[in-house]
Amino acid sequence: MLDNLLSLMIFLPIVLGAGILLLPVGREAARALGLAASVLVVLFGLKIFLTFNGSSGLEFVERSPLIESLGISYHLGVDGISLLVLMAAALLFPMVYLLFRTREKGYYGNLLIVQGAMIGAVCAADLVLFYMFWEVMLLPVFFMIGLYGGPNRLKATVKITIYTIAGSLLMLAAIIYLGMAHHQATGQWSFAMDALSGLSLAGPAATLAFVGFMVAFAIKIPLFPFHTWLPDAYTEAPTATTFVLSAIMAKIGVYGVIRFVVPVFDESFARYALILACSGVVGMMYCGIAALVQKDFKRMLAFSSASHMGIIALGIFCMNVQALTGTLYQIVAHATSTGVIFLLLGLIEERSATRTIDDFGGLASRAPILAVFFAVAMLASVGLPGTSGFIGEFLIILGAIKFNAVIGILAATTLVIGVCYMLWLFQRVFFEKPAEKTATFHDLTAIEVLTILPVIVLIIVMGIYPQPFLDKINPAADRQIAALAQVVAVADSGDGAELNNQGKN
Amino acid sequence: MEGNLSSLGFIPLLPLAGALVLGLMHLATCRGRLISERIYALVGCIGPILSFLLAVNVFFALQALPAQSRFLSHQAFTWFSVGELTISMGFLADPLSVLMLLFVTLVGSLIHVYSIGYMAGDPAFGKFFSYLNLFLGSMLILVLGDGPLVMFVGWEGVGLCSYLLISYYSEDRGNVVAGNKAFIVNRIGDFGFVLGMSFLFWGIGAEGFDYLSLKANAHLLAPTLGITVCLLLFVGATGKSAQIPLYVWLPDAMAGPTPVSALIHAATMVTAGVYMVARFSFLYAQVEVAGLVVAWIGIMTALLGAIFGMFQNDIKKILAYSTVSQLGYMFAGVGVAAYSAGIFHVFTHAFFKALLFLGAGSVILALHHRQDIWQMGGLKNKLPITYWTMLIGALALAGCPPFSGFFSKDEILYSALAGGHTGIWAIGVLVAGMTAYYTFRLIFVVFHGQPRDREVYDHAHESPKVMTLPLIVLAVGALFAGFLNLPAIFGGHQQVSHWLAPSLTEVHPHGSMATEVLAIGGSVLAFVVGISIAYRRFAGGAEQPVFTGFRKFAYHKFYVDELYDTVLVRPYRFVGQAVQRVIEPYVTDGPVRAAAWLYRMAGLAFKVIQVGYVRVYAIYMVIGLSVMSLVLSQSLNF
Amino acid sequence: MFDVMVILPLAATGAGAILIMLVAAFETFRREGISILGMGLFAFAFFIQLTVDNSGDIYPFAEVFNGMLVANTFTKVAGLIILACGFFSALAAQTYFTQNKGFVLEFYCMLLFAAFGMLLLTMVAELITLFIALEIMSLAVYTLVGYDRHSVVRAEAVLKYLMLGAFAGAFYVMGAVLVYAGTGSTSFAAIGAVVADSGYLSNPALVGGSFLILFAFLFKAAAFPFHAWVIDVYDGAPLPVTAFMATAVKTSIFAVLANFLLINPEVHQGWVTFLFYLSILTMFAGNLIAIGQQNLKRMLAASGIVHTGYLLIALVALGSERFSGGAILFYLAAYGVATLGLFVALSYLSGQDERRVSFDDFRGLAKVRPYSAACIAIFLLSMAGIPPTAGFMGKFYIIAGAFQAGHAVLAVLGIVSSILSLWYYLRLIIVMYFREPEQRFEVAELTLAPLGTIVLAVCVFAISFYPVVL
Amino acid sequence: MIEHYLSLSVLLFCLGVLGVISRRNVFVVFMSIELMLNAANLGFVAVARLHQSMDGHVLALMVMAVAAAEAALALAVVILLHKHKGNLDTNIFSLLKG
């Protein structure tokens, strides 16, 4: 049974979720089922993480043809690039079921489906399969926002759905184009990554296909200026959905770029890397500045998350191993910190029935444990050394400086920008005089503490002893950079070279 | 040539463990205070004291080695390694770090003890000690780190603790704002630090990113890149050590409890910048330009701090500005490549400034948290120990021979003069005079003359042993620390300089006897002048003066804070508002909305065309048909 | 013997139609009985069609019929789709008339006649047979639309359909004349031969004639700018009939269209450019009409236009060598399943006299009838082309075909139009799920439609991975 | 020679088209359609003569038959409409629109 572990991780939640949605199940039962399934997935995930040795390419491979005539196959596998994303998608979910215990059954059912679909998207090694999971993972989000969201949920849900599906349909066109290109090259349709990465694409069509992919991922990440769906969606969505969107789904966008765009479109990628990097940096600053002035707790965190995604995405476009590793690492680091932040926010919202920052105050004295947890997550998200956030951010900045000094310097401003809005938020919510809305605020219960504590510990551990994680992802990152090498050489002769030259003369 | 010493790892680890334990104890019991202060105090003080003992042990271990090979290091584990970059969580004990280590742990332990008295009865007693331990641990990582990146861990850690401790009384908005200010300004500095490190890495870091390897490869660094790196690192230093233009956070940082001000914002953390520059002496020695920038910014800061210090009324603010000013001295020292002098001043300054702050704390406690010097007066009979110890501290600060401050400061000024930086020397002497002036203004106003507020005076009482004891120890330090580096002219051997030599790249300026005399004479003269003016003005118990003109201007710190607010903070907020109100909806999201709107409108148009008259539909068909046939005949041309 | 097997489905439907006509004469049969009979006949014909395995082209009774019929895999699958559509339309009708007036026993007879015409249409290989088949189908459908004498709306619908249909039919005949004039024959084979040796574009009469014929087909398939009728007629017709028109008619028309265009590759080449632009116009016109609609039937009619556009893309991309029509037929099947599913669901949800047919009538359906809502959502997602539904694969094949034929532009525009179409498909889902219910959605009990809906919902996924050769 | 027949038939056909799009009386419209069909028939027989084959004549008969069937339905519709509105103006039958 455990020999096709990935399928199990994908379809156990999906089937269970569909069952919960279709059959008459009580909410308690639904929650119990969801918790059980997610815990199982965690166990499988840990098994994969421990038995994974990053030396070779894909591991835990499953492959069986789906549609021969088009060469579409059910092809799963994990490698260093997908491993940590997979972990993020696998490990964090039980928290939701433990923290939010009184939701409708649809809430839990959709959560299960979205988890399964996201794991599928991460493991898929066939583009069409990937696309299927990619689309499927949006639907539960659509329903969750629409059913359980805030007052303006309709607008938000329409916007996110049409925005993202529009992007992914363009990607579909690009995917089919790739299959066709393979058909032209070899007389054989195929959508398998290993087959497609061998293609040498050129010409405007290839560039357009590249754009198609990039748009889809840029919307999902989101990269500036495709982020405009994000604030509404994050703000209106129920906590769990915001958690899913920010902690994992956005990362899958980043993952998609690394996994599919870089190997297939290496030339186009190298050519436009600078522009993309700029959009990453600009997005980081833009959203960081916008975050400062938000009145709504959740909206501010939404912008902050978008800001971090900008810097994370930047890591891909720098095309050197430090930045890439930084990104892959930051994917998990940010998933944990942001995840915890949004979940805590959900708890705070439940307790105080408000999200307006000015209604808060003095939570630190009312709920010290909550405050400490939030503080740790916050420090991780502003990249304080000793927390997981620092490693990735530093590596990305380091790589960015090698790639292009100006970009690097701009990227480093995240150190300041992030801390500005975060501290101000922390001041207004947790410090100062207690407000009347928070007068009866009570601290985390034992279960809540025990639920969140592991992640908090993980944040610290990943900051102090990251090497085990890095060892898993380094080989893959090295391989990819090596594959990019000659293209990078072309790009470097353009921009990123001042430093090295200075180093020589 | 370098040995291994695993005990190094424990020096920072002990306080950190203490912090963790205290923090958990506090969190576990914060609802009802089940644990007595004694236990907290005990747990809180074990860590620092043990680290101190370990430090002493390390010192002797190091001394046993021959002078040139005094390097003990300990690689705990590989922190992270990506591509060319390999960072190990390693600690390095060399003369420089051990010197820092000794006084940091010593002063730190003393202040822990002092805090037992000062914080007695505080609702969050445990939290305070947890923070204090955390700070000490981070500071020790900063000092012991064997490379820039490990140093950066401590660097940011102490920044965090400073934030936490400044906003310790978080109910009061002002404190929190001060904390934010400190953290953010420090972050601006760290921005420079990180960039500096990155550039340095891409320059010469590939072969190893710890001090020893960097020192070995320093000569490979391209000049332009070298300057960039040095200046960027110095940006970090200005942030942490409150130099122009980033000094603004330090005076506000006095919002924290007084022991914090003594430990973090006087003795240890704020000197980290100096330590860092000294650490990178091998770089700064290469590019004089960078050194000069450092020196001039330092001396200017010294001047500015002194000016501000002369017109403050809050006892802690005065000391804060004197700290800024003294830090300026240190940078002037390291800037003119007199690294040992700078570090020596750090060393002595730690004693007398910590002493002064703790004294001030004891005064404040005695007066039930009054800090305005114009409410005090004639306290020397009421608080004798505090008075005498603070007097020693003041003399040291003012640079009165043979107190410690005199030697260290004189060393710096002498190096400046000998190095040919006459301007720096002149300003330095001037500042020395001003220092003497404001220090004794403080002493005279607070302790001499008649009490200005009678009933405050009556309730005043000397602090408990646990607080006065550290004062005495520090006073001894402030008194004799100077003799550790007695220059030849007084028949000394400059032990400290020689001790530090292996880890610093400096050339000792060989000025003539005359220069040396001139230097000493200058500073002594300045001291005398300054103190005499202060005596004439305040010894007789003057009343609070009304500041006008320049004094008012200086009292308001040249309105620098207001300036920053209008030039930086408000515009930043404004941009944020603009993004939120205008750019987001109309520029970035505009196209999307426009497209949606267009789509709907087009839909309406088609509703109109769908008239419902069958005849019209027939006409559509015919029109379509004829258009198509027209195109057809065109394309097929028959 | 084999030829008999080939035309047996045809015979079965025809005979069944007449049978029903006869039994309808007697009052012994009630509605239920007739409807079961009708469905049974469709199922019967379906299974015969299924059992026939015909590879390559077969001209049944070539000497008798003078080779005017041809059967092959393509016609077989097309026939299957048509018969399935007929079956589910009949099922929908069974339910529909439990809560709607104006049932006549001949309804199923007409349904079968129409199916008969369609099956014939898929198989014809000769112009005039084509015309007859076309008219058999059309007349039957006209009647289906307008048999309810008491409703003015139906009358108007049938007026529009009949008038414009006859109008287009006349064009067809004229086209036939010209082709006949140009080639001297009306059988596809002969015309193909003529084109083969004397060329196509050099023959004005042939070109003009085939142009008019094409026009007639495009009218039936509701391509822009000949789409105007379809919305009003679908709106005016009874739900089951609309379902039948939307699916079966489209299937048969595209089948014959493909056959006609493949008389000879040259003919297809001659019209590629035309179909290229038409498909683009059709897709976008359809979308723009659809977003304005409040009435579900009209919206579905408009979306039908969009799907016509996609199918035209497939026609443009027809690989004339080794033609299997796989993409077209798969798409038609996928589209048919989803559309029928929706109409079957509507046939019981719409309640008495089609009370509930506008978007707002379905507010909060999910809260009251979760399963119906779920099925409808599935059908809509399939139409929108969200994986892993059949609609997605259908679009996939069409886009892939377009790319393969070198029409990247068409492929991308097809994608764009499916982005636009999300708008109105999602709208219904949002209305059903995210709004609060205002009514109880009471429906007639003990009907087959709910079952049929679920069956179709399953089919949406079941057929999605059915292997198709491009 | 054949051209004349064909052009006549096309001419009649166009007249029919004009009738359809210009007249609003349902009755007349259907008559115009009949005219179009007959124009086609003329073409058929002419072409049959040209090609010396019987097909054309057969086709013409077929078309007539179909036309008759259509006409029957058309008349039914005409009556239906007249029953509803008492008027045969196509424009009054525009409930379905938009």
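Residue numbering begins at 1 within each chain, and the chains themselves are lettered A, B, C and D in the order written.
Note that in this section contacts are C-beta pairs under 8 Å (C-beta built on N, C-alpha and C of every residue); 3 or more make two chains touch, one makes a residue touch a chain.
Note that the coordinates shown come from a computational prediction; the quantities given were computed from them, not determined experimentally.
J.: Select the chain at the greatest separation from subunit A, using centres from the mean of Cα atoms.
T.: D
J.: When A-C is set beside C-D, which has more C-beta pairs in contact?
T.: C-D
J.: Per-chain C-alpha centres versus the global one: which chain is nearest?
T.: Taking the mean of C-alpha atoms per chain, the most central one is A.
J.: Could you tell me the distance, in whole angstrom, between the mean C-alpha positions of subunit A and subunit C?
T.: It comes to 44 Å between the two C-alpha centres.
J.: Roughly how many whole angstrom separate the Cα centroids of subunit C and subunit D?
T.: Going by mean C-alpha positions, subunit C sits 26 Å from subunit D.
J.: Roughly how far is subunit A from subunit D, centre to centre by C-alpha average, rounded to an integer in Å?
T.: About 66 Å separates the centre of subunit A from that of subunit D.
J.: Taking each chain's centre as its mean C-alpha position, how far apart are subunit B and subunit D in Å?
T.: It comes to 97 Å between the two C-alpha centres.
J.: Got the subunit A residues that touch at least 2 other chains?
T.: Not one residue of subunit A touches more than one other chain, so the list is empty.
J.: Two or more other chains in contact with one residue: find those residues in subunit D.
T.: Touching at least two other chains: 20, 29, 90, 93-98.
J.: By residue number and range, which residues of subunit B touch two or more other chains?
T.: 607, 610, 612, 614, 618
J.: I'd like to see which chains touch which, written out pair by pair.
T.: A-B, A-C, B-C, B-D, C-D
J.: Along subunit A, where are the residues that touch subunit C in the complex?
T.: Touch residues, subunit A against subunit C: 21-22, 66-70, 128, 131-132, 135-136, 139, 143, 146-147, 153-154, 157-158, 161-162, 165-166, 169-170, 172-173, 176-177, 179-180, 183, 189, 205, 208.
J.: Which residues of subunit B touch subunit C once you look at their complex with the stated criterion?
T.: Of all residues in subunit B, those touching subunit C are 599-600, 602-607, 609-610, 612, 614, 616-618, 620-621, 623-625, 628-629, 632, 635-636, 638.
J.: Which subunit D residues qualify as touching subunit C in the complex?
T.: Within the complex, subunit D contacts subunit C at residues 2, 6, 9-10, 13, 16, 20, 26, 29-30, 33, 36-37, 39-41, 43-44, 47, 50-51, 53, 55-56, 58-59, 62-63, 66, 69-70, 73-74, 77, 80-81, 83-85, 90, 93-98.
J.: Can you check the complex and tell me which residues of subunit C touch subunit D?
T.: Contacts found on subunit C: 128, 131-132, 135, 139, 142-143, 146, 149, 152-153, 155-160, 162-163, 166-167, 169-171, 173-174, 176-178, 180-181, 184-186, 231-233, 235-236, 292-293, 298.
J.: Quick check: in the complex, which residue numbers of subunit B touch subunit D?
T.: Those in contact with subunit D are residues 607, 610-615, 618-619, 622.
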